[in-house]
Every structure is written in structure tokens, then in C-alpha cells.
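Have a look at these structures, which come just after this line.
Two complexes come next, and they have one chain in common, chain A, joined by chain B in the first and chain C in the second.
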Partner chain A sequence: MSALQRVTQWQTFARTWHLFDARWQNPFECSSLIAKHLQGRHKPIYHPLNDCGDMVVAINTRHIALASDEWIKRVYFHHTGYPGGATWTLAWELHDKDPTMILKKAVYSAIKNNLQRRTTMQRLFLYPDDKIPDDILANITNQIRSPRPVPTPLPDPASEEFQSFPRIAPFPEDYVLK
Partner chain B sequence: MSNSHLFMSAGWVTAPLNNGIGRYSGQLQRVVIKFCKTHGCSRGVREFVESNLIDFSRQNPGVAVYVKPRRHRAPTITAEYCNGERGYMHVSNMSRDEVYKWLSHQTTQSGREFCRYRKFWRTETPSIQGVWSPHTFRDPRLNLAEFPMVSTAPKDWFRFC
Partner chain C sequence: MVFTSAVQLAKRAGLDQYWKKRRIFRLSAHYYGRARNCYVLAIRAVHRSLAFATKARKFKKEDMAQLWETRIAAGSEQHGVKYPHLREGLHRCNIHLNRKTLADLAIWEPYTFRALTQIAWTKMRQDGDREVKEMDGIPPNNVVVPSSKN
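And then the complex of A and B:
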């Protein structure tokens, strides 16, 4: 193998660091997307015996959005192994304890159960907000597009932008604003 | 790949010293034929030695042929190759033609140990346009992008989705 072939192979199997912004994203929808990048299934060279998975850094996991009333309906089960050791934790309780855990469990479920599962999960970095350590931020070279558009919130009523927005008609004189 | 191949070593299609490119040299160096003069299971080998062995040896001058009569032993053929490997096979109860066929088979072998082929072809240039890499088809604007990008970044920047 020549030096060029060797370097070509290094380049082909180089790991890419992807960033994923989880703000306003449904974790159970984007988990398959993250799992795909963690396993390298998005690459044309993918093969189950290849070690071609990428690194994914997920930020803003505190600001994920669950559909409908899943915050109170989704239950996470854990059993310590001892009699009476079963616990059922609601999604909002788990999110209070650890804001990264829901997305982490969703990605874990999206990966097929085999010997590579734990190793693949180690390539996933989760941060509750947009603060990333500098050494990890320096590696990131790509961003995974979020599947859902982030909605723009209404501006603060006291703000300049809200006040200067053109009105169709002024309020009546006797109308009491809250 | 089946389970029976799990413990077989894997390899690529190769020829020793580019054998066959420009010139061909037979890799079989030595053949030892052992047989019994009296037993029935050596009958085909005895007939082969009587009628075909001289022709075989003349056709393959690079092969040293040893014939060893062994009393009351099963007939065998041992082939030794340039790379030091040794092929050994029983030829009991085989007819004359079968012995000739297996000896010709040994003559055409390279002596390399049997292995599972990873591919049934081999090339030094598997791709003319170059193998894929993470930088293939990558938007050069991403080189100067600041991460995390806001969601209003152009959609065509997100190449991997």
C-alpha cells in the first residue's frame, strides 16, 4: 500500500463532528436522524463492519418539544432489581432531573440492540443549553438541519417592536387593557 | 459467507510474484506418490504409474516425481510447492483417470493456503473518480461558517440531511 492509498483511507474514514440543535424539536422524531449519523448510515461507504460512525453534539436539549400531552403521559420505567424496586417516572419529572436524558434515551432506542450500541452512544454529546466546551466546539465542522422549523415567539408587549407594529384600529376609549 | 468459513483466513485473489504476467512458472516443485503393490485400493494408482506417469513427468519437467511403494498402506499424493506449503490427499479406490485429474489439479495450484476470498476480483484502482471522503460534495462555504448556525442559514448548507 502506497503512502497515497494510506492517506486516502484515513481521509475516507475520518470522523466528522456534527452539531444538532434540539430546540423545539420532537426528540422521538429526530432520534432516528441522530442515530443515522452516529452509525454512519448517511455515508455511501457504510457497511455494518465498517467503523465509519460520526460524532454528534446535540445542544439545547432543555428546550425540546414533546407532542400533545406527552410530558404527562409518557412514562419511563426503571427497576432496581430488588422487590418493590420498580419506579415509573413521568417525562416532565425526568426532564426536571436531567434535561438531556429524554433525548439520550430516544437515541438509544433508535439504535438497534447489538454489541455496537453502547460504543455508538459514546459518540453522542448532549448539552442542555447552547454552552459547549471550547475543545468540543473546535471540532465541529457540520450542522445537521433540524427537521422542524423553530417558531418565532410573539415579542414582549412592552417592547418597541410590539408597540410599533401597525394596528388595524385603535382600542376603544372605554376598553380596559389587562 | 457461511459459518463454516468463520475460522478460515480471509484473503484476496493474488498470484505469487505476479505469476502469469509476462511469463508463467509452475509453482509445484515435488510430487511424492505412495501406493501399495498388492492392495486393491491402490489399483488406480498402479495403473497410473504404469501407463501415465512417464508422460506426466515429460510434460512437466519442472516437477520432481517420487514414487514410493509402501506395503499395505493407503495410496496418497503429496505435493510440495515453491512457497513451502504442502498438499496431501488420499487417492484410495480412485480410478486411473481420477488420479490423473487430481495430480493435474495439484500441478496448477499456486500452493497458497485455502482462504475465503473477500472479493472475487481485485484491482488497485477500485474507483476511477476517486473514493468518497467526507469532503466530497461539501459546500466550501461551510469552511468559514460559525457554529452553531442559526436556523435561518441557507438550506443548501446542510448537505448531510
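And then the complex of A and C:
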């Protein structure tokens, strides 16, 4: 085996660490993308019995975006197992409690239920903001492209960019701005 | 076979029964528990497993096709081309490779496979496919494909 072949084999079977920026992303859209990388379905050597899944580090999970009024309509069900132990938690309540939980549950649902599911989930690291522990940051070598473009927020009304933006007509003298 | 007496016939009947059970026990030899050695249970288990085997002949083909599609899609997305565009582009270029071959190329001949993705990409762009034109990534500029006759 030549040196090139040896290195090619290392690279083929090595576990890659991917970074995923969840800012302004719909967790239910990008969950399948993350699940694909966790299971290794993005590699031509994929096989269900072949342990070729990669590691994914998802950051900014606090800043995910849910479509429409899903923050108040989506409900997470939990049952303790005791009588009367059922609870229904709204998405915004769950997000207040744990900002990584919505994305985590979305990815968990995107993975088919089998014996590999829990092991696959252990390869996912979730962080509410862009602070990653150094030992994990040191491993990252690739970034997964976010499916949706991040919208640019409106500039501060006091900023020069906002003031210099061309207007159709000036406000009347007696108009009170909020 | 000639039976000289009724006794011979009775013996023969018993032997037939032995060999009939033997055929079933051969198929149940690797089962666990009483399904291996008790005929009443063994024949049920064998019929059940043969029924599964009949269905599995179809499922095996479907499962393999699905696995090949996953692998081809993974390989082509590494080069920025989606699976449907790859198949359509190759078909239009008269490159009729099946899924098994494409999957094997994606694993063992990555450079050949990249060339195939680039052919498909160029062909689809040349034919004015809207989705392919809007794709991210730099299209290949050193590939020549035959133009469509229409």
C-alpha cells in the first residue's frame, strides 16, 4: 500500500467534525440535514451497519426561527408515567427552559427509530450561542452550509445608514415619530 | 415399487413419513428451542420462514436500490449536483449506467464519478434546466457534451 493510498483510506474513514450555525434557521427543515451528517448518509461509503457518521456541532440554537405562529402553536408532550403525569409544553416555554431542546428533539425525530438512534444522537453537540469549549472547537474542520439565508436586520434609526437612506417624502412637521 | 404384501406397504408408509419430516427438520436445523425438533412446531416455523424468504426476494432488490441511490446522491452532492439531475443529465448524454455501477464508481473511482457529474451538470445547463442554472457552485468550464437534436 503506497503512502497515498494509506492517507486516502485514513481520510475516507476518519470522523469529520462539522459546524452548523442554526441562526435564523428553521429547526424542522435543517434537522434532516444534520441527521444526514450524523448518520453518514453524505458519504458514498454509507451503509446502515457501517459506523461512518460524523460529529456535528450546532451553535446559536437560541436564535432559531420557527415558521408562522409555531412558537405558540407547537406543543411538546411529556408523560411521567404516573396518573395525571401528562404535561403539554408550548414551544416558546420549552425554548425558555432550554434553548437547545427544540433543535435536539427535531434531529431526534429526523432519525429513524432503531438501536443506533441514541448513539447517533451522542455525536451531536448543541450550544445556545457561539461559545464552544476549546477542546471541541479544536476538532472542527468543516462547516455545513445553512439552508436559509440570514436576513439582515433593520439598521438603528439613529445610525447614519438609516438617516441617509433616500425617502419618498419627508414627514410632516407635526408628525410624532414613535 | 411392488408391494408383495400389506405389511410391506405399511412399512413403506412409515418410511415416507420419516423422510417427509426429515425434509422439514433439515430446514429447521438452525432454529432455537422446540421449533428445531418438534415436528408440529417445526413445520409452522418453516412455513413461516419460507413465506418471509419469498417476500424478502423482492425486498432485497428494493433495499439495494435504495442503498445505491443514497450512495450516488452522497457522491454527487459532494460535487454540487443533485441525484435527479445526475441521472437525467447522464440519460440525455446516452450514458446508460445503472445504479449499482454508479454507486461502485462513486466509492472506488471518485475521479471517474466526478467526471460523470460534470458531464451531467454541463448537459443540464446546456439544455437550459432552470434548477441547475440556479444551483450554487462553479459549473465546470472544460467539459464538452453533444447538444440535443430538438
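For this structure, a couple of remarks:
By our rule, the second predicted complex is superposed on the first by the 169 of 178 C-alpha atoms of A that agree within 3 Å, B and C clash if a C-alpha of one lies under 4 Å from a C-alpha of the other, contacts with A are read in each partner's own complex, and residues count from 1 in each chain.
Everything that follows uses one rule, which is that a contact is a pair of C-beta atoms (placed from the backbone, for glycine too) under 8 Å apart; a residue touches a chain by one contact, two chains touch by 3 or more.
These figures come from a predicted structure and were not determined experimentally.
In the superposition on chain A, contact is made by A:His47 with chain C only, not with chain B. Touch counts on chain A: comparing chain C and chain B, the chain ahead is B. Residue contacts after overlaying the shared chain place A:Ile144 against chain B, while chain C stays out of touching range.
Look at A:Ala35: by the touch rule set out above, it reaches neither chain B nor chain C. Residue overlap on chain A between its contacts with chain B in one complex and with chain C in the other: 42-45. Remark: chain B residues 130-135, 142, 145, 147-149, 151, 153, 155, 157-161 touch chain A in the complex.
Touching chain A in their complex are the following residues of chain C: 67, 70-72, 74-75, 77-78, 103, 106-107, 110, 113.
Looking at the complex, you find that chain A touches chain C at residues 41-48. Interface residues of chain A facing chain B in the complex, by the touch rule stated above, are 8, 11-12, 14, 16, 18-19, 21, 33, 37, 42-45, 59, 130, 137, 140-146, 149-150.
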